[in-house]
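Look at the two complexes coming up: chain A is in both, with chain B in one and chain C in the other.
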Partner chain A sequence: MIQEPRVGVFICHCGHNIAAKVDVKQVADYAKTLPNVIVSHHYVFMCSTVGQELIREEIKKHNLNRVVVAACSPSMHEPTFRTAIESAGLNKYLLEMANIREHCSWAHSDKEAATEKAKDLVRMAVAKASLLEPLEEEEFPVSPTVLVLGGGVAGMRAAIDLAEWGFNVYLVEKNPTLGGRAALTGWLTNNRRGADVVNNLINKIVDNKNIHVFTNAELVEFSGFPGNFKAKIKVNPRFVNEKCILCGECEIECPIEVSNEYQYGLSRRKAIFFPFKAAYPPIYVIDQRVCIKCGECVKACQYGAINLAEQSLTLDLNVGAIVIATGYDPYHPPKGEYAYGLHNNIITLFQLERLLDEDGPTQGKLIIGGAVPKRIAFILCVGSRNTTPSSKNYCSRMCCTSTLINAIKIKEKYPDIDVYVLYQDINTYGNDETLYEQAGEKLVKFIKFEKPPTVDISPEGIVIDVYETTIQEEISIPVDALVLSVGMVPRRDQNELIATTRASCGEDGFIREVHLKLNPVEAPTHGIFLAGAVTGPKNIIESIRAGSAAASKVATLLSEGKVRTEPFTANVNEERCSGCRICVGLCPYKAISLREINDRMVAYVERALCMGCGTCSAACPSGAMQQYGFKDIQIMAQVVAATGGGIK
Partner chain B sequence: MNNRPKVAFYWCASCGGCEEAVVDLAEKIIDVVSLVDIVFWPVAMDYKLSDVEALPDNSITVSFINGGIRLSEHEKVVRLLRQKSKLVVAYGACACWGGIPGLANQYSREEILERVYLTTPTTANPEKIMPPQDGYAKLGDVKIEVPTFLPELKPLDEVIDVDYYIPGCPPTPEVTWNAINVLLSGKLPDKGTVIGASNRSLCDECPLNKTKPENVLIKEFKRVVNYSPRADTCLLAQGLPCLGPVTRGGCGALCVKANMPCTGCFGPLENIHDYGGKALSFLASILDYENEEEIKREISKLPDVSGLIYKYTLPKSLLKNLLRSVRK
Partner chain C sequence: MSTNNYEPRIVVFACNWCSYAAIDLAGTSRKLYPPNVRVIRVMCSGRVDPQFVLEAFKNGADGVIVAGCRPPSDCHYINGNIKALRRFTLFKRLLEELGIEKERFRLEWISAAEADKWVRVVNEMLEELRRLGPLKAEAVSV
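And then the complex of A and B:
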C-alpha cells in the first residue's frame, strides 16, 4: 500500500527566469502549508549539482517519500531530478514536476498574479504527488536487425552506417532500383551529379555483407514493439534474374512502349527496361503493370535470364527498429498553372535536370521542343510559399539552389542563350549563396516579383508578363522555353505507409518528427525513425545527414541489446473489466487485445507496445483501464486542488 | 417486542416503482417479513410519522429510502430516519443519483411550477392557482402546513449521511434480495459501497457481448423508434446507443434481452466521477470518423443527448454547479 505521504517541495529560481516574475520565497512558504508537505525550499538553480544535493540531503534528513520540483518543463529536467531522487534511495517515479517557468513566469508579466498561479501549480503537484506510486520500467531484449524503407540517398546512408556498426540491415526499395530521386537529379554544385553521389553509396552497399537489398519490394504489415517489430515484406517479381548481362536484346523485341518515369516523361521506355545507367541491381526488369506476357523478350534473351512465371514472395522479418526514408514527390502543377500542360516547351525543373544530364534523353543537350531555345526563363516557388491556389505554404528549400545551378550550367554550355530567373526571394542559403553571385557574373537576368507572373501562349510562343518590383515596371518577356521550379510534396502513396506503420503526418502533410529540436528523426512511435525528405523538403546533403542521424538513433536504441520502456503504460483491472471492447479499437498502437481469464474475456495491454497516450484510460467506460502515473484518482486530485475543491 | 431487526421503508420524489420492486420479491417478502419487524412503510402499512418520532435513536436497524429529495417534507422525514437508524440505504436510482426526476435540475423551480401548473397542453387552470411557497395553505379558515418545493432535486446523500446504495430503476428483485442478504449477513461491507449489484459493467453479463466485434465502430446511431434491432448481435455494434459498457451490471441485462438498449439505470461503477461524461466519451469514440465535425454531427442527431447520457445521474454530475449557476 501507499505509505503515508511525506512530500518535499523544491522551488527553482532558474536564475531570473522564474524568480523575476514569481515570488519564489512566498511560494515556498505557501507550499509548507499544504497537506502532506514536510519541507519546502527554494534555490537559484535546482538542477545544479548543489540543488540536486539539497534534494538528496532533505530526502534523507526528513525521510521524504515524495518529491515535488517546481521548475521548468518536465521535458527539460525531469530526467535530472528523477536521477537525483533515485540516488537518494527513492523510486524515481515518486517525482512530480510543476512547470512554473514555461507555464507561468515566461507566460506572464504581472508578478503578483504569476506568484498566485505558481502556488496553484504547486498545490496541484502536491495533491498528485501524494498519490504517486513507485513504478518499474520493463526490459526487453532487442533484435539487432534494422529495416530501412526506401533506397534513396537517406535510406542508403542510414543502411551503410548501421551495417558498419555491425547491425544486420534489410534495405527495402519499392522501385526496381536503388538511387531514389537523387539518381535523377542531374547537376549539383562542384560539377558533381546526383548520379555520382548515388553510385558512391551503391558501391558501399554492394561491398557490405550486412546489407540485404530488396528492390521491387514493399512493407505490407508491421506490428510488434521497439526492439522486436515484425515486418512482412512483399517482394514483387522482377521476371529477370541475375543471369542478365544488360545486353538489351530483350528491350529491342518488346512491343510495349510507355512513358519513361526515370526521365520524367521526356522519353519512352519498353515494358522490359533498365531504369538508368547506374541502376542497382544491374538487371533488367519487367514492368508488370504494362507487360502483356507475349514472350518476345524470353525468345530474345540468349542467357535464359527471363522467367515470366516468377511469383512474388513474402519475407517475415523480426527487426529491432525501422528507418522510414521513402522520400517525396515533385510538385505536379495542375494543368494551366503558369500555362503548364498547354505548351510542350513548358517543363519542370526536374525535367530540365534530366535534359542537362549527360545520361539524360538528349545526352546533356538542351533541346526543348526539338530545338535549343534562344531565350529560357525559370519561375521559382512553383507549388511552394502560397504563390498559387494549389501551392503549399512552406518553402521547398532546394529549388532556388537547383535553379541557379542549372541556369549557370546553361550559360556555361550555351553562352548565347538568354536566361531569366523570376523569383520572389532567392534562398540559396549557406555556401550556395555564391551561386547567386556566379549566376550574376554569367549574366543570368533576375526578375523579382511579388505577384506571381502570368504566362500566355500566343502563336509566337510563350510570353511571361510580370510586374518587376525593383524597377517597378510591368514587363513582358517572350521566351522559347519555360522551366517551372517546382517544389517537393509528400508522396502520393504516403497514406498506405502511414496506415501500415502508424506514423503520422504534420500540417504540411509530410511525416512528422516527435519534436524538431528535442527528438529529431524520431517518429512518435518509439523504434520508428525518419530520414530524408519524408519529413519535409530537404536537399541531397541534408537528406544524407538525416540518414546518418537516424542510423545513430537506431544504434542508440539497439546497441545495449535491450530496451527499457517507460512505465506510464495502461493497465487493466481484470476484476473490473467487463470485456466491453471499447478500448480495443481506439488504441492507436494496436497494443490492446482481448484474452480469456477465468472464462471471461477481458482487455489485455501489451506493455511493450503501449506508448502511454491515455486514449484507452480516458475512454474506458467502467474505469477498469488506468494509466500508471496518470490514474483517475491522481488526475482528479489535481483537478480538485486546482478548483479549490469546487469539483468532487 | 422481540429482537428482530427493525426495518423502515420510505419514498421521496419517486414514481412508486421502487415500492413495487420490494413487493416484487414475491414469496420471498414473507421470508423478509418473518426475519424483520417493519416499523414504517407509508405505502403499505399504517404507521404514522409520530410512531417513528417515538422510537429511540439508532433503534431502526436499516431504513430503505427511495426517491430524490425535492420537497421540504422529504428533507424532514429522511433526517428523522437518519437519526433513528443505524444504517440508511439509498434504494433505487433516484435516491442514489437523482434519477429521472433529477433531469428537472436543468430548469429553475419557477420554470417547473409554471410548466406543470400553467402551460402543459393538458392543464386547465384558469384561476392560475399555484402551490403555496410559504409552507402554508388555507383551507377555508384553517391554515395548514404543506410541503414546499425545493430549488433543486438532491440525491439522498447530499441531504443525509448514506451507508449503502442499491441501484436500479427500480432495483430488480434479485438485486434487492442480494442486498438484504448482505445486510443481514452481519459482515457489512465498507461504508459507501453499492450492494446487491455487480462490480463490472453490464457487458460482462450481457448475452450479446460475445457477438461484439473486437473493434466496435459505427457510422451512425439508430433508435428503436425506427429500427428493429436483430436479437443476435450486440446492440451497440448495430448502432443503438446502448449504455451497457458504462453502466454497472447486476440486472442480468433485462432490457437487452427484450431487445432494448441499456439506458443506464444501474449507474456508474466505483470511482467514475461523471457517468454522462464517460457515456458521451465512449459513444463519441466509437463513431467511425476522423473528423471532429462529423462526430459532432452524428452525436447531435441524437435527440436529447443530456436525457440520454444523464438519464439517472444529472444531479450527481460534474455539471451540477454549472446548472446551479445557470438556474440563478
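And then the complex of A and C:
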C-alpha cells in the first residue's frame, strides 16, 4: 500500500548556474504551496556533502517519503541523490528530479520567465513524485568476460589490463592485423616509432593466456544488458593458416596488385599480402575483396598454408561488458583543397610518416615524386578548425606535434632541405612544447596565417601564396613538395557500429561519452565503455591512457560478480489483461509471452529480458500493462501539471 | 487571456537517450530558446501513449512535441521510434477530425547531438502557434 505522500522539495542554486537566472527563493516558497509538499529548501550546492546531509536530515525530521530535487539534469546527479535518500532509509526510486539547469537556467535569458518555468518544472516533479512507488532492482550474476572491439593501442591496452586482472578478454579487430593506426605512425618523440609501441603491446598480448585475439573479425549482433551481453562475432576467412612461415613465395606469384592501404597508398601490394613488419598474427592474408581465386598462391606455397575454400565462422559470446576502441580515420581532403590530388608531390602527414619510417616504402628516405625535395612545406589545420569549407570545427590535437617531429626529422636527415611550416596556431601542448624550440633551432621556418594559404600548380611546380600576419606581407613560396597536416575524423563505418551497439555520436560526429569530465570512458548505455580516438582526437599516449581508464571502469563493474538493473520494467495487472497479444508482438526483446492464470491466457513479462522501453504500456488497450517508474497515472500527472493543472 | 500577450504552452515528450540529451546539450552549450516548453522525460518515444497527447491538449497545451531518436536505427530499444512513427502518423489524422489543427502536434527525431535542431523546432512551432492562436476549447471538450 502506498503511504500518504509527504514530499520534500530541495532546490539547488548550483552556485550561480541556476541562481543567476532563476529566483530560487521564489521557487522554494512556491513549492511549499503545492499539494503533498511538507517542506521546501534552497541551497547553494545540493550535491555537496552539506546539501546531501540537509536532504537526509529533513527526511528524518519530517518523516518525508518522497523527495524532489530541482537541480541539474538527472543524467548528471540522479545517482548521487538516489544514494543520498537511500542512506536516509528511503527507497532510492522515491526521488524525482526537476531539471532546472540544462532545461531552464542555461537555456533562457529572461529571469522572470525562467523562474516561472522552474516553478512549473517543480510542480510537474511534485505531481509525479506523489505517485512514485518504491521499486526493487533485480540482481544478476555477471559474465567475467569482456569484448574489446578494436586492436589499436587503446584496445590492446584495455585488453592487457583486463587480462592481467584475470578477466577473460576477446579482442576483436576488423583488419587482418593488430596495431591499428599507431602501427603506421612513424616517428614519435624520444626517437621511438609508433610501431615500437605497438610491438611492445603485441608482445604482452601474445604472452597472455586470458586474451583471445580475433583479427579479420567484426561484431554483427549485440544485445542483452550489463553483465550479460550477447555478442555475435563474424570471423572472416583469412585463407592462410598458422603453417605460414612468411617466406613470401605466394606474394611473388599473385597476379593481382592494388594500392597498399598500410602505406597510405604510397606503394602497391598483392591480393595475398602481409600488412607490415610487426603485424600480428604473423601470417599472410588474402584480401577477399580483390582475390580472383586463381590458385597461383596455393601452388607457390610449399607449406600447405593456403586454403581458398575457407569459410567465415560465427562466434556467440556471452560478455559482461564491451570496450569500443575502434579509432578514427584521417581526414581526407577533397580534390582541389590546397591543390590536393592535383600534383603527385602534395601528400598528407600520414603519408609523410610512412616515408620517414625505416619500414616504409622508401626505407626512411624522403623521396617524393622520384626525388628528394629541396624545399618542402607543411600546412597545418587541414580539415580542422574551420580552415576550409569541408573542415571540422575542432582541433585534432596530434597534428602540430606530429608535424614538428617530422619537420625536425627531415632537418636531421637532410640539413639542406628548406622546411616551412604554415600555421594558424602551434598547439604543441605539454612537454611537446620543446619541439617548437628544437624546430626553431634547426631553422624550420614558421609562417603564420590567419586566412588559409592558396596553393597553385604552375609548370615550375607548387606555389603557396599566403599573407604572413607577423610581418604583415603577402608572400609567395615555391616548393617541391607539400605536406597537408590533416586531422582526425570519425570512421567511415561508424554508423554500422552505432546501429549494432546503440552507441550514439556527439556534435563532432565521434562516439559520445556520458560526460567529458565526469565519465569520459563510459557510453550512455551502461556496460559499454569507450577508449581512444573513437570519442574524439587523441594522440597515442592519450589513447593508451584511455584504454587503461576504460579497463578499470570495466573491472569496477564486473569485479563485484553481480549487477543490478534499473527496475523500470513492464508489469502486468493480470485481472485487467484480456490476453489480446498486442504487447507480445510489439516487444523488441521477446520478453512478453502469454501464460494461463485462472483458466485465462494473460500476458507475462520475463523481467530479465525486459529493457524498460515501455512501448507495450503505450499500446495496451486496457491499461493492464504498466511500466514501473513511468506508469500512465504518473505521466498523466506530469501532463496535467505541465499544462497548469487548472491553475493556468 | 488576450491574444496580444498570448504565450503558447508546449508540452514535450522526450526520449531519455537522444532527445532529452539533446535538450540537455542545448542548455550545456547555452543555446538560448524561448521558455514556452515543458519537457516530460520518458525512456523511449515508443512509450508515449496518444492519450497523453490528448490529455495535454485537454488541459490547455497549445502544442505538443513527441521527440525521439532518429530512424531507422538510432533507437536505444531497437525500434521504439518506428512504433511511435506508426502510432502518430495515424493519430495526426484523428487530431484533425477532433478539430485540432495538425500544426499543433509534431513528431520530431532529434539525436543527442542535435541541440540546434531542438532550438529550431521550438522556434518554428512557437511561430506556428502564435499564428494559430490559442486552442479552441470546444475542440478538446470531447
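The rule is simple: the second predicted complex is superposed on the first by the 438 of 648 C-alpha atoms of A that agree within 3 Å, B and C clash if a C-alpha of one lies under 4 Å from a C-alpha of the other, contacts with A are read in each partner's own complex, and residues count from 1 in each chain.
One rule holds in what follows: contacts are C-beta pairs under 8 Å (C-beta built on N, C-alpha and C of every residue); 3 or more make two chains touch, one makes a residue touch a chain.
As the structure is a computational prediction, the values presented were derived from the model and not from experiment.
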Which superposed partner A:512 touches (first chain B, second chain C, both, neither): second
Which of chain B and chain C A:618 touches, first, second, both or neither: both
Chain B versus chain C as contact partner of A:166, first or second or both or neither: neither
Touched partner set for A:110, first chain B, second chain C, both or neither: second
Touched partner set for A:295, first chain B, second chain C, both or neither: neither
Touched chain A residues, chain B compared with chain C: C
Partner chain in contact with A:636 - chain B first, chain C second, else both or neither: both
Partner chain in contact with A:579 - chain B first, chain C second, else both or neither: first
Touched partner set for A:334, first chain B, second chain C, both or neither: neither
Interface residues of chain A shared between complexes with chain B and chain C: 586, 618-619, 632, 636, 646
Sites on chain A touched by chain B in the complex: 575-582, 584-586, 593-594, 600-601, 618-619, 621-624, 632-633, 636, 646-647
Residue ranges of chain B touching chain A (in the complex, touch as defined): 199-204, 209-210, 212-217, 244-246, 249, 269-273, 278-279, 281-282, 285-286, 318, 321
Interface residues, chain A side, partner chain C - complex: 73-75, 99, 101-110, 113-114, 116-117, 120-121, 124, 498-499, 502, 504-507, 509, 512, 524-525, 568, 586, 588-589, 611-615, 617-619, 627, 630, 632, 635-636, 638-640, 642-646, 648
Residues of chain C touching chain A in the complex: 9, 11, 17-18, 20-21, 23-28, 30-35, 38-44, 46-49, 51-52, 55-56, 59-61, 69, 73-80, 83, 87, 111-113, 115
